[in-house]
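Naming follows writing order (A, B, C, D, E and F), and every chain is counted from residue 1.
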Amino acid sequence: MNQWLIAPILIPLLGGILQVFMGYAPISLRRTLALATTVLLLVATIVLLLLANDGQYRLYAFGNWQPPFGIVLVLDRLAALMLVLTAVLALFCHLFSLGGYDEGNRQFHGLFLFQLMGLNIAFLTGDLFNLFVAFEVLLIASYGLLMHGGGTARTIPGLHYVVLNLVGSALFLISVGMIYSVTGTLNMADLALRIPDLQGADLELVKAGGLMLLVVFGLKAAVLPLSFWLPKAYARASAPVAALFAVMTKVGIYAILRVYLLVFGNHAGPLANLGMDWLFPLALVTLAMGVIGALGAQSLKTLVAWQVVISVGTLLAPIALGSNAGISAALFYLLSTTWTVGGLFLLSELVASQRGSAGDRIVTAPPMQNRTLLSVFFLVGAVAAAGLPPLSGFFSKVLILQSVTSGSEMAWLWGILLVGSFFTVIAYSRAGSIVFWRTVGGHIEDPPRLGGEVRAATGALVALSVIIVAFAGPINEYTDATAAQLQDRQGYVQILQTPMVQEDN
Amino acid sequence: MMIVALYLTIAMVTLAALLNVYRLIKGPNATDRVLALDTLYINAIALIILLSVTLGTRMYLEAALLIAVMGFVGTVAMAKYLKRGSVIE
Amino acid sequence: MHPVAEYAISALLLIGGAFTLVGAIGLARLPDFFSRLHGPTKATTLGVGAIMLSSVIYFSASGEGIGVSEILVTVFLFITAPVSANILAKAAMHIDVPPAEGTRGNPWDQ
Amino acid sequence: MSLPLVVMLPFLGAIAAPLFAQGGRTAIAIASSVPALIALAALYPQWQVLADGGVVLFHQPWLPALGLSLSFRLDGLSLLFALLILIIGLLIILYSRYYLKPKENIAKFYALLLCFKGAMLGIVMSSNLLLMLIFWELTSLVSFLLIGFWTHKQDARRGARMALAVTGGGGLALLAGILIIGNIVGSFELDDVLAAGDQIKAHAMYPVVLTLVLLGAFTKSAQFPFHFWLPHAMQAPTPVSAYLHSATMVKAGIFLMARLYPALAGTEQWFYMVSFTGMATLLLGAYTAMLKHDLKGLLAYSTVSHLGLITLLFGMGTKLAAVAAVFHVINHATFKASLFMAAGIIDHETGTRDMRRINGLWRYMPHTATLAMVAASSMAGVPLLNGFLSKEMFFAESLDLNLPGLWAWLPPIIATLAGIFSVAYSVRFVHDVFFNGKPVDLPVFPPHEPPRYMKIPVEILVFACVMVGIFPAISVGPLLFAAASATLGGDVPDYHLTFAHGLNLPLLMSFVAFFGGLLMYSQRQRFFDFHARFKEIDEKAVFEAAVARVTEAANRLTARLENGSLQRYAMLLVLSVIVIAAAPLANLGLFIGANGLTPVDAPTGIAVAVLIIAAIMTAVMHRERFYALVLLSVVGLIVALGFARFSAPDLAMTQLSVEVVTIVLLMLALYYMPSWTPIESSSGRRLRDLLIALVAGGGMTLITLAMLTRPFSSISDFFLANSKPEGGGTNVVNVILVDFRGFDTLGEITVLAIAALGIYAMLKNTALTPPPGDGQGHPWTRDTHPMMLRQIARPMLPLALMVSVYIFLRGHNLPGGGFIAGLVTSVALILQYVASGMDWTEDRIPFKYHNMIGLGLLFAVIAGAGSLAFSYPFLTSTFGHIHWPFVGEFELASAMIFDLGVYLTVIGATLLALVSIGRLSPHSAIKPGPEAN
Amino acid sequence: MELVFALAIGTLTASGVYLLLRARTFPVVVGLTLLSYGVNLFLFSTGRLATGAQPIIGSTESYTDPLPQALVLTAIVIGFAMTAFVVVLSLRSLADHDDDHVNGDQSSSEPDSAAPEKREGHDQ
Amino acid sequence: MLDRLTFPQPWLSLSLFLIWQFLSEGVSGGSVVLGLVLAWAIPQLTQGFWPERPSLLKWWRMPGYLVHVLRDIVVASFEVAALILSARRPRSAFVVYPLELTDPLAITVLAGTISLTPGTVTVDVSDDHKSLLIHALDAESDEEVIHSIRNRYERRLLEMFE
């Protein structure tokens, strides 16, 4: 049993515990330790990525209990991808926060690390109820982070976010209960084995449970009509938090991928591809709504928040169609959009900090300091987000378009995706030209200097879209392999046979 | 004989609980409600013990102990709230 | 089980049940809050005490040792009931719960 | 390798050029020229291959999944365009060196120009359609930045956005078209696509493909009705107009038609769509050019018109027409670029571009005037100049179209009409600017000749016009042949390049056009008057208004949907669940399963009845908040009893403890809140909510019923069997919590810890004013800590600690455990707070809650990590029976350390949360300042 | 037995959902608590109902399914943490908006853009 | 460090030790050791919560008092039960009881006794700890109530505490 698998959970946990103790330690010490934790986490996730790249499923059984009885972590390509994605994003968000955004709350670093722990559990766990626990860990930490920093604007959106997610948690429990009450197991691999044999009323109960689970994941992923909590909550969160939240909706998408491909995948007999007929139109509507929201946005952060919604729709549409190519394309897009959106959130904050009372609102203001640097960042980020060449957004979009090749789905997806791109371009060009080009007289009183950390963090995140392009080939190979692995239910189910550590060992 | 006594007692305690609920809903004052709740807690202790005796197991008796503690703290906190507003100050 | 134990248990159960019920009836019937306060503080407490005692006897008689929890609960109840009554009464006086008509004397609130 | 190098060089240059910014404008200009020079040098050796009809290819896979490869291709067509791009690009760099004002950011300008150059070269040299598309959109993007280069000008910003919207949107259409092509052909490689022309044309999707591809081409090449962006793009600095918007980028659409000519052309759809669009553009552009008083406006519309002409030629579908089209691309690029540069010089020297003010410049800048006049003549189609040649070919082709009946007259007439306009605006350009009296009120007076080197680019281009016009066969003959051959797929018709074909019908048409144009120019005032009757449409305003309207509508729609109402969002969530779960549940049919119902005993029935009443009353009476809390307590109590009733002692105990803490918490909060909820929802809304609630509740009832009455087997037998021998405890629930599923518990206490920390952080800077008295207006009592309570509470603490230890230690075998023990301790401490106050209690508590939380988590982790040392997985527990003298045998399990962690975390978290709220109270010692952050 | 149990869960859910849809934070919190009671009971009952079959080895002949009990225990704790957080959040909202409406102060509903927040030294 | 090894509240420690022996199933070596540990550790942790020593001087009289009270509770409970069940309207009264006791713990014990014995409930203790407010459920006169409490309970407590 490979002990590396526990690293992405233990590292942030221990780092977080350390932060709890150090509430009153000097801020520089806390920062150093916290950042070191994040760096260490990144290293660990990269090791896991290399491990996972051989296409094996790796099992980690807590307490050395044979699945399905104990809780297991399962490392496969998808999990490794999500881990690295998150660790990279987190590292830069964390770096950014050191530019003074971690002040005002001694628990910021602790919450941040706990959030990462929750995310990592969610990506690794192979147990449905443990997934619930992981969701709760990451949610409660995100609630705390969301409220981080001063200001009254984020209270109400935060409240909405929390209340809706609490209802979501209740729903999660109900769904898990319904599934357990029929199958008598919680391990996902075991579920995948048992579900195809269901029939009659058992089937309908599990079906209802599975669909309710889809609502839960849809809520986390912010699928219409469950996405309205998101824009204000994200737009008003402090920048590093909002940027980190770029990955939060992806957890919902990850869960859909994991649970629905494994448990309700092609092999699930009567329950095969459960809920995907719901998901596809909803994804398209979500995409359209995201575009409309982005068009109407009146501040940069709101614009980027709606971009999150757009990416959710864009991701889920091919996933709902379920082809290998579609899933691979979606994963490619996932990588690109998460980092880009994170970078754009950070950038919006920098812009806001340089524009005095105008903040990040899309209105004219006196010329800002550091305009060239910020406008280049914005340009790169916007191009990547809107899916224009030559950045990663374009490649993923083309991959998605190519993944669907016939039928009315193609017409719908192509139409909405392309028209949506068009309006997204309009939205970004409008925002960019007003914010960066249009100026009025006057000058900003003493804007804060942009420190090296914030510049580097923002720049790095937006620049990742270039890196993705440069390595598009290998990345695409990886996502292809991931998609293939995801469809291979048999491989996953094999983990149930993994031997435990023996006494004499 | 013991069984009969047991059932009779259960019936009486349940009836008592119902009367408490009646008072709790009727009020008319907040203190009446808290008093009824407090009494309901005590009835619950009785019920737990009766359950233990019925089942012949002592597994539930610690729950009775907890109800006693919790009921008391709850009542005290509620009374404090009514009088003082701030429970912990 | 020894018949004496059974008798004792049954009697205690019934007494306990009866007192609990009487306390509840008092709570339901008595005219004002301060009178109702009497029901739970004693009748119910005593009733539960009796039921506890029956349980202690029951489990001792069935050879499971003396139940300390029950005794602890009883003692606890006897200690706390007056305090609950006191602090509730103070609250009642504070929020001007009226005594029943014909009550002599006045509540005072400090 | 040289092909990708040619494309990459400008990009590298774009990165490198700004590094020379320190060295002054000349240095950076030279640095910026280097890539083009190297590229030209690299292309030169390939010429011989092309002249022999060969093709130079480069292929490097990039993203096979996408069909995207780094394929480049050099054939006649791409060479022609590449030369245009490189040579004119060089001239533009030289020109810009003098055009831009010293304070302007020339480094950025050159960098963008070089980017553009690279992208443009990419378009023409890509041999993979997707790769081409990437460069295609890149040109739109760079063009956006270049048009908006003068960011302070509103018109420039708007023009830039409009150009981006139109060309970027067209690019998306093109993307769709290309993807479908790739789908049909199975490859995006140009060779495959061109070879599969028949297959594409026969495919059912052909009309769609054609429409999409043409949308891309037309938007880029400013064809009607997408032409409007181009004139507004003239807000760009003039070198940009000359380079992008006359010579190169707008030709990309043309190039695309040429490139895909073998694959798409030759059908009726192609003919009608392309030729009619071209015709409309030709006329409209020519007509509008005549009306413009802005020098660059005139040139812009003239460009539109000429682009229409080329499009029309491609649309005609004959091979000769295609040759003419390619030829005109060259000619137009040369004369129009020089005209733009001349216009830029005039603008530069006079400070205006209004032809009503610029007059009689001949006297001030004869050299420039001469150059401009030659170029304008070429534009008008004067013989001996290159414009004449291609126009003649155009006239000839317009006569050759085999349209039925009277329709056959249409192309020649339109061609002639366009010729008339073309002559008219050319004359206007020459006469108005250089003659026609004296300058009127120029911002810069008197104008001078520009710097010597600024004219060189113009001179070179004008020289080219003349050379081609007189010696077409020698000067461009081979290149044109190669290009035409590449366009047509090798099948080049006979044509004869010479400056005079003798007297024929096309020549007649030229005469008509020439004199008609002069006549029209002389009557221009009437023409202006006629046009003035129509309302001028400012496309930019229309576009802006459209964007504003769309934005506004989007904003309104968003605000309507995302209205900030939690009630709405929550309702949507609940409704989603109801809708999605309805169908499978409806299929369930009979809800009572195989096991049937078991009878109810009276006490349980009554308890459930009380629970139901209490729950409903809570909902009904929620306005009286304290009452609702009391009812909530009843619900919680009965739920706990229910757990006990149905064999879950641990749950009963947990529920009881948690419930009391929750109630205390709610009361702490209620202190600051209104004690009464006002009625806000209308009765209709309440009814609706009630209905939703009933459906949700009914659904849950049915699900529960269906579930409870069904037989079931689970993995739990394993737990029951292994709890004692493997886990070392008889309380299976506890063993599951600390061992089998200890990881869940670790997560759970982490949640608790995070919640407490979050609460603490959130309340740190919060200030709340408590009400002076309760809802009925009683002021709060001064008697904060009643004596009797104090006296009783104190001995409770040691007692409770003892009970906690007891519950903790037995937890592994009997109901209890760290969690319940922790809550008992917490509640005992809470009692101290309630009885004796915050300060008194805090003074006596020897530890900080933060540290306690940390310690608890640490214990749990250490307990779990111990097994790592023995290379067992995390959380592997071990236990043993240890025998000590006197003490006797006792059991020690590592899970107990884990449980100790749970115990500590629970105490720390619970108390930290409650105390944080309590600290809000103004009576407590530390009064928080107003939002100090 | 199953029917009354199901009815209890249904009632708790219905009451919870109704309160969840109210406009003030306090009823919403109470509603969430009720809902979580209902959910906990539901999850508990997935192991089916059994009397006197506590899963404590040696205390009885047959044992009920212990797993749902462990899950509910986890759920109760997590639910408590979440409730505590949301209670405090509603307090914070009360402090920030002087109103306990779930949608904030309705009268001065701000535009889409973030309200100007206080940052060190460079505001306004 | 050595002073930390003392038992600051020996009575408390003793009670805890004894209770622990009850709680553990049967006295054994283990329970004695653990009991000792707890009897030491818990008072160490909680001694701050006991600002003043209890002034119970003649503690050996306590059991007698308790038996006395218990008997009163049982006897009087029947009277109250009868009262509750009868149709007669009780003659309630608020009675101010002037205290002779001064020790807070003693007053608390007295107040508790009054509340537990049927017919009377201690409603309040005056701020100066000089008098109790008692609610009598069914009392002929105030004097009778005061008299009975004084004789039956307060005297005994006075003996024990002061």
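The rule we apply is simple: a contact is a pair of C-beta atoms (placed from the backbone, for glycine too) under 8 Å apart; a residue touches a chain by one contact, two chains touch by 3 or more.
Keep in mind it's a predicted model, so treat the numbers as computed, not measured.
If I average the CA coordinates per chain, which chain comes out farthest from chain A?
Between chain A and every other chain, the largest centroid distance is to F.
Need the most distant chain from chain D, centre defined as the mean of C-alpha atoms.
With centres defined by C-alpha atoms, farthest from chain D sits F.
So, comparing each chain's Cα centre against the centre of all protein Cα atoms, which one is closest?
A
I want to compare two interfaces, B-D and A-D. Which one has more contacting C-beta pairs?
Greater number of contacting C-beta pairs: A-D.
Quick one: chain C and chain E, Cα centre-to-centre, how many Å?
A distance of 34 Å separates the two centres.
Chain D to chain E: how many Å between their CA centres?
Distance between chain centres: 37 Å.
Taking the mean of the CA coordinates per chain, how far is chain A from chain C in Å?
Result: the chain centres lie 57 Å from each other.
Using mean CA coordinates as chain centres, what's the gap between chain A and chain E in Å?
Whole-Å distance between the two chain centres: 25.
Touching two or more other chains, which residues of chain C qualify?
18, 25, 37, 39, 45, 72, 79-80, 82-83, 86-87, 89-90, 94-95, 110
What parts of chain E, by residue number, touch at least two of the other chains?
In chain E, 20, 25, 28, 40, 42, 45-46, 51-52, 54, 56, 59, 67, 71, 74, 78-79, 81-82, 85, 89-90, 92, 102-104, 112, 118 touch at least two other chains.
Spell out, as numbers or ranges, the residues of chain F touching 2 or more other chains.
Touching at least two other chains: 19, 23, 111-112, 122, 125, 127.
Note which residues of chain E are touching chain B in the complex, please.
Interface residues on chain E, with respect to chain B: 51-52, 54, 56, 59-60.
Enumerate the contact residues on chain A facing chain E in the complex.
That would be residues 100, 129, 133, 136, 140, 143-144, 147, 149-153, 155-156, 158-160, 162-163, 166-167, 169-170, 173-174, 176-178, 180-181, 186, 235-236, 296-299, 301-302, 352-353, 356-357, 359-362, 444-448 of chain A.
Where on chain F is chain C touching in the complex?
Interface residues on chain F, with respect to chain C: 19, 22-23, 25-26, 73-74, 76-77, 80-81, 84-85, 89-96, 111-119, 121-127, 133, 135, 137, 142.
Would you tell me which residues of chain D are touching chain F in their complex?
783, 786-788, 790-792, 794-795, 797-799, 801-802, 805-806, 832, 836, 843-846, 884, 886-890
Across the complex, what residues on chain C touch chain D?
72, 79-80, 82-83, 86-87, 90, 94-96, 109-110
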